[in-house]
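Take this structure, written in structure tokens, and hold onto it; I'll ask about it next.
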Amino acid sequence: MHAIGIDIGGTKIAAALVDESGTIIRSDRRPTTASDPRGIEDAVVDMITELSEGEDVVAAGIAAAGFIDAAQSTVYYGPNVNWRHEPLRATLEARLDLPILIENDANAAGWAEFTFGAGRGYTDMVTLTIGTGVGGAIVADNHLFRGGFGCAAELGHLRVVPGGRLCGCGAHGCIEQYGSGRALLRIATELADAGGIGLGLAAARDRKGKLTGKDVGRLIQEGDNGALAALRQLGGSLGQACSSLAAVLDPQIFVFGGGVAAAGELLLEPIRAAYLENLPARGFHPEAEFAIAQLVNDAGVVGAADLARKHVFAQ
Amino acid sequence: MHAIGIDIGGTKIAAALVDESGTIIRSDRRPTTASDPRGIEDAVVDMITELSEGEDVVAAGIAAAGFIDAAQSTVYYGPNVNWRHEPLRATLEARLDLPILIENDANAAGWAEFTFGAGRGYTDMVTLTIGTGVGGAIVADNHLFRGGFGCAAELGHLRVVPGGRLCGCGAHGCIEQYGSGRALLRIATELADAGGIGLGLAAARDRKGKLTGKDVGRLIQEGDNGALAALRQLGGSLGQACSSLAAVLDPQIFVFGGGVAAAGELLLEPIRAAYLENLPARGFHPEAEFAIAQLVNDAGVVGAADLARKHVFAQ
Amino acid sequence: MHAIGIDIGGTKIAAALVDESGTIIRSDRRPTTASDPRGIEDAVVDMITELSEGEDVVAAGIAAAGFIDAAQSTVYYGPNVNWRHEPLRATLEARLDLPILIENDANAAGWAEFTFGAGRGYTDMVTLTIGTGVGGAIVADNHLFRGGFGCAAELGHLRVVPGGRLCGCGAHGCIEQYGSGRALLRIATELADAGGIGLGLAAARDRKGKLTGKDVGRLIQEGDNGALAALRQLGGSLGQACSSLAAVLDPQIFVFGGGVAAAGELLLEPIRAAYLENLPARGFHPEAEFAIAQLVNDAGVVGAADLARKHVFAQ
Amino acid sequence: MHAIGIDIGGTKIAAALVDESGTIIRSDRRPTTASDPRGIEDAVVDMITELSEGEDVVAAGIAAAGFIDAAQSTVYYGPNVNWRHEPLRATLEARLDLPILIENDANAAGWAEFTFGAGRGYTDMVTLTIGTGVGGAIVADNHLFRGGFGCAAELGHLRVVPGGRLCGCGAHGCIEQYGSGRALLRIATELADAGGIGLGLAAARDRKGKLTGKDVGRLIQEGDNGALAALRQLGGSLGQACSSLAAVLDPQIFVFGGGVAAAGELLLEPIRAAYLENLPARGFHPEAEFAIAQLVNDAGVVGAADLARKHVFAQ
């Protein structure tokens, strides 16, 4: 039996009809207007209606950035769409004759990775999504971890430097400030300013006036020493965070997704080294695996669909 | 139906016959010799046999410090008793006609607190045990969190200061170095050396040659400003760790146990203040409760008994 | 017998015909286009040809920033001109009927200073060139020190602060980040922001929108307390580095060149003080001299010419 | 032609008759009394006389800890024997009809390693001797580096932490405080105090009242996790120092001797990792080799003999 997954991002809504093996049967995509929550609702209703036509659909899962309540009905707060205590589930169920589940987008993506991607065969996994920010998901004993208020796992806001860089969350020193795509760009820009090893970065910056994540990604692929130095610094910070997460959560595997994870083993190598260097009780504590996520762009919709389907059958 | 709980500490073994409501029917206590694992085994077998006499006992749970494997059968490593990959469950089941469960002592105590103590009525709880070190337990969606290798939750080894104090786990900057009873004593001793507000601490130290945890505890109760300053510093560090744990685990309540928790609200107040000061997305993220543990000395045996009973019925 | 020295900088190529006493007979200067390595080659060939006309020239030495191989033939990597593993010696010798030697520019300048400037009469010298960055040269027992891979002496990348400021070399905490002209400008700008002693710096900044190295240099000459404070901070960092270099290299004299060295004794005084304060085994270890370089703009061409001449006669 | 090497240590004098291939023909050993410089002189004269009987000996080299003047005649200062500006060469040459050379003991050992041990085939080597302290020797372009005052290379006093631990040299933060055998013992003792991973260390300490370097060495060989954690921390500090030394000296190989080097690859692994993590211009700068010294106890006498022989023929 099929389910529908919807992923509401900052610039587009992705939708897909997904079967039980995580395969996408059909998909759709529309632009979003963040300032028009009602227009987003209409688009979601339309897309679900169209993808359902002639299909046996049991549920739809909606993935969105932000804090979702523990009952998975209400969006407390969304950074992309201007929702504040929005009863999205009730609103959508009133317009569609279908069970609806609301899920945080990083959790949905993490669940897809656990069920159909790099996490298959494990029981306990931590996913870190290295995009503009750092998102996270925890699977413990085969269950997605949501937290007591539905806000887990905001892994990007683990504090790694007391009194460190101010974060968009209002606190200081979060790993998001040292391990995200935005942090990579900041480090790369600092290296471009510094000259020396950063000359390749400086050349890319000077062609367009400023560096982009795409430039840095391309230079990493080309083996530019400055871009590789920036990536190693990022990986070192992430690996140190992983050693703390190992103490708290003790996963069997850490999976890295998001745009920066395209660097593959070049990213995993410094992460692994810093994790081992800082692992509490090294030698006694079994060591986790490190892998790159396998479901790249589709993780959100596939995970949302699967969670919605499983939620229906769990009741 | 009753179960037996055993708590193997560094200096004694506590044992109790516990009913389904967490009430202790009868209990026993014997000294341990850490260097004599065989003697400890014999004592455990004896105590279980005696407490079982004439009772309908369904299982026994053994709480011990250290890493227990995910199958809850083997002690990988115990800091108090010299166990290395010890198949304790098989050894005991071979000598007793009773299902046995091995559990980490902080997990057992946390579970007792969740089921019969300060955690009742919640679904997601984090316990921090502030004794000589800092122990931890996580309950998520009513389940005790054990981790993929059985080593969770070593909350005392969350890193809070990069390159900070060397910890007994071999890493640097763990919260145990800033938030434990041993840390409280170190801070108090530094204040005694510094004069000023530390004069009361210095006087207590000079009477005996060195400060003890008991001295500091007494001075806290008497309202000595130096001892209170040391406690506030400890609480500030713990509260900062709680804000990181809130981002990762999102519990509804943090419960503090262990000897230092006898300070009660004097400890909770600086913890709560530092938690709020550092909480990511404050204002959007629901705020957790903070409480002192209710089952003080009995938490280990009560939790071990309850987990063993529930394990039997879950199969 | 004369030799020709060439110094390829970021914005110009300097060339000179130099006699055995280090005196410049004739000189030339042309602008560079960093992105046009072929144009730079052509200019170098032209300048050597013109300066050689009617002269008995035995060799030409080419000074360039970057890593030169141990055989002094190939530029591994140049920060100013986009050379990567460039066989510059072979290319030039094929076009000119003259022995060519390639040398790092800081080494060439250090050698000139040792042979004809502030280092005369010593056997062991360390030069630190305080320009935009920090360059270095070592003379040991009358020989220029090149290192096993030809990359010595990158004295600007001695680490002085673990986990300190990100450097253009991709590492953190290099002395270049605390002791260069760029560092002086950063410190001066921080003081301008801070008010108080920095009011003179702030006034200079507010006239043009931002501080320049020239402004800071002028204020130092005028005795502005803020600019002098910035210079003392710079000198303190450099002096601490000198005490480490004394332990490793044990020179008889440290010579300071580059634009910032125009401050003369005002720079040397805090350097000497910090050196003495941090000198290992002070009292037992003989103390080095400190001096300002004497060959300012010509050091590169004079040193390159002299090294090339001596290389020819050494064979 | 043979030469004699003498190594004056804190507790004994070692002497050997050494051939041109670095092979020891005969050797001798006597206890020292540090407070009796005259007795030491007598012993040295005796040993040289006896070892020379019936042999064609061209020179004798004396290795001693401390600062030797650039002419290799006078001991400025010796930590083991109470020498202050002692004209040891003149004194010995007056009593023996043989050319004498005085050399710092770490330099002598480094030279032996370069000529007959792990440094064979290289031109530029740095040796770090990890004994009670940290000694060093530099070979550059096949020459032993002595410095302008004869005091190089005191590599143990490279400062790695500004304002760090007070060192026996009177300065703060020298690598000797973080990378020596004494530092290893301090870290191991801290881990023993801290419990946890340090239990094996604590057990060893409790058997005798305090830990010894021998205990730590044995536990490293046995794979004790606490001892390995202490060694990794030591190696990390040494590797960071090597990345600074690479910028300054650019050796092709780093060779590690002294008692702690018996740990072999267990020591080299964290050294190499920290070196790479902190290497300036990584990717552009060729990477050095890392090796364990091969001439363990004999390096001092073999190197002193070889340097003395070569000194005679160089004149």
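Here the chain labels run A, B, C and D in written order, and each chain numbers its own residues starting at 1.
Keep in mind that, in the parts below, a contact is a pair of C-beta atoms (placed from the backbone, for glycine too) under 8 Å apart; a residue touches a chain by one contact, two chains touch by 3 or more.
Computed from a prediction, not measured in an experiment: that's the story for all the values here.
Relative orientation of chain A with respect to chain D corresponds to a rotation of 180°, obtained by superposing CA atoms and rounded to a multiple of 5. Because chain B and chain D carry the same sequence, their contact can be compared by residue number, and under half of the numbers here are used by both. Seen from the Cα centre of chain C, the chain whose own Cα centre is farthest off is B.
With each centre defined as the average position of its C-alpha atoms, the distance from chain A to chain D rounds to 52 Å.
Per-chain CA centroids place chain A at a distance of 48 Å from chain C. As a whole-number value, the distance joining the C-alpha centres of chain B and chain C reads 60 Å.
In chain B, the residues that reach two or more other chains under the touch definition are 162, 167, 169-170. Looking at the complex, you find that chain D touches chain B at residues 187, 190-191, 194-199, 225-226, 229-230, 233. Against chain D, the residues of chain B that register as touching in their complex are 79, 82, 132-133, 166-170. By the touch rule above, chain D contacts chain C in their complex via residues 67, 70, 76-77, 122-125, 136, 138, 140-141, 143, 145-162, 167, 169-172, 174, 240, 243-245, 247-253, 278-286, 288. Within the complex, the chain A residues that touch chain D are 196-197, 223, 225, 228-229, 232, 236, 270, 273, 277, 281-284.
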